[in-house]
Amino acid sequence: MIKITEKAIDVQKVIDTACSLGAGAVNVFIGTVRNTAHAKNVLWLEYEAYESMAVAEIKKIVDEASHRWPLLGSGVSHRIGTLKPGEVSVVVAVSTPHRRDSFEACQFIIDNLKEKAPIWKKEVFEDGEEWISAQPVRAVEAQS
Amino acid sequence: MIKITEKAIDVQKVIDTACSLGAGAVNVFIGTVRNTAHAKNVLWLEYEAYESMAVAEIKKIVDEASHRWPLLGSGVSHRIGTLKPGEVSVVVAVSTPHRRDSFEACQFIIDNLKEKAPIWKKEVFEDGEEWISAQPVRAVEAQS
Amino acid sequence: MALERNVLIMEVTSRYKVRAFGITKDIIGGKETVVEMEGSTVGELRRYLVSRYPSLTGLRSLFIAVNHTYAEDAQGLSEADEIALIPPVSGG
Amino acid sequence: MALERNVLIMEVTSRYKVRAFGITKDIIGGKETVVEMEGSTVGELRRYLVSRYPSLTGLRSLFIAVNHTYAEDAQGLSEADEIALIPPVSGG
């Protein structure tokens, strides 16, 4: 299951999608909105996606992961729209027979998603707003 | 929150315990009962814990993790009693400001929990039962 | 109008619709722009857009996607392609 | 009884309650056993138990916990300690 959604993500549902009776291990990564960035208070974030391409890119990443690790199930859900601090922006869940693989595969998927999926976030502060990582001068500060 | 419980684990509750407004990343490991072991069908597992010591050992592990990584929150819940294939035996959740730390800290906790926490499982098959990893001859087969 | 039709018949100028996301939406002033230019590769489109919107050079990176896939500069374009500007991504 | 009281006064024999878990429960035939022995260290207790229950030597490992902490063989025991046999763990 790969999903881009404007609704709040139901973490348990993504986990359920990834689970399998043959699996002994499920690893889940949950990205949440932090309340500070560059030492400023974040009021909210605006997430935008090129949805059809984002789904296609994430699918490629999950396919690559399932070639490298024995994935028995997976689920990826990314939220778009307006998110407040504490809200869940992304959930990646994978299941494998053994635990090391579940950690490695989950990290591979989120690392690649962040690098390749056409999704953008804009941080909105009290005194302005900013597309994250877009400009070189900001690139160093915005690493996460 | 560190808990040994006979009741089904509410994964979302463990995650909620670990979440923090300052965190951008939550990593969750979920151990589930596999339906096969040593190529035999598992009917169910019996988990037993030396509860007071298990809680103390897991607390030491989480404390050590919070010295090594910037943990903002954590939750560990381990189930005991009779578990059927597909059921959740353990949940570890941690939150950190950035994602790499969340993966490393979560894996550190589950790896050490499996090595040190006084908890035992017995696999029950159609034709017998067996305490996992207890005897040398079984040690190699039972690695996971 | 007569001139434009003439040019199209000569197959020198192509007309591409280009979608924009994130900061590139702000730079081009909308979700989509139509490009009429001579040239039919991703690289030519990129040079055209950068000359028309110099602020694009200030981005940390700028990819062009064709039909939902990151494209190389040498890749050819056809007018029916779905083309999109991909500024530095920041999902997750 | 008189003899036993006498021995206690001489402080030669101690009486330890030992809890058992997992496979050690099966080996000693219960959740707990009481050990009366000369000696007051974890190592002495371990040797006593192994001689009384030879099957314990067939385990991949056998730790002894004192008051909820893994104990070294040199550690001293007192009768009030909570002592437990910890066969190879397999949680998770």
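Going by the order they are written in, the chains are A, B, C and D; count residues from 1 in each one.
Just so it is clear, a residue touches a chain if its C-beta (ideal position, glycine included) is under 8 Å from a C-beta of that chain, and two chains touch if they have at least 3 such contacts.
Please read these numbers as outputs of a predicted model, since none were measured by experiment.
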{"item": "Given subunit A and subunit C, the chains that contact each of them", "value": "none"}
{"item": "Remotest chain, subunit B as reference, centres from CA atoms", "value": "C"}
{"item": "Subunit A-subunit B separation of Cα centroids, rounded to whole Å", "value": "24"}
{"item": "Geometric centre distance via CA averages, subunit D-subunit B, whole Å", "value": "28"}
{"item": "Distance between chain centroids, defined by C-alpha means - subunit A, subunit D (Å)", "value": "51"}
{"item": "Where subunit B touches two or more other chains, by residue", "value": "31, 99, 110"}
{"item": "Contacts with two or more other chains, residues of subunit D listed in rising order", "value": "92"}
{"item": "Chains touching one another, given as label pairs in label order", "value": "A-B, A-C, B-D"}
{"item": "Complex contact set, residues of subunit A against subunit C", "value": "31, 47-50, 52-54, 56-57, 78, 89-90, 110, 113-122, 131-136, 139, 142, 144"}
{"item": "Contact footprint of subunit B on subunit D as seen in their complex", "value": "19, 21-23, 26, 58-60, 65, 68-70, 84, 86-92"}
{"item": "Subunit B-touching residues of subunit A, taken from the complex the two chains share", "value": "11-12, 15, 19, 21-36, 85-86, 95, 97-100, 102-103, 106-107, 110, 144"}
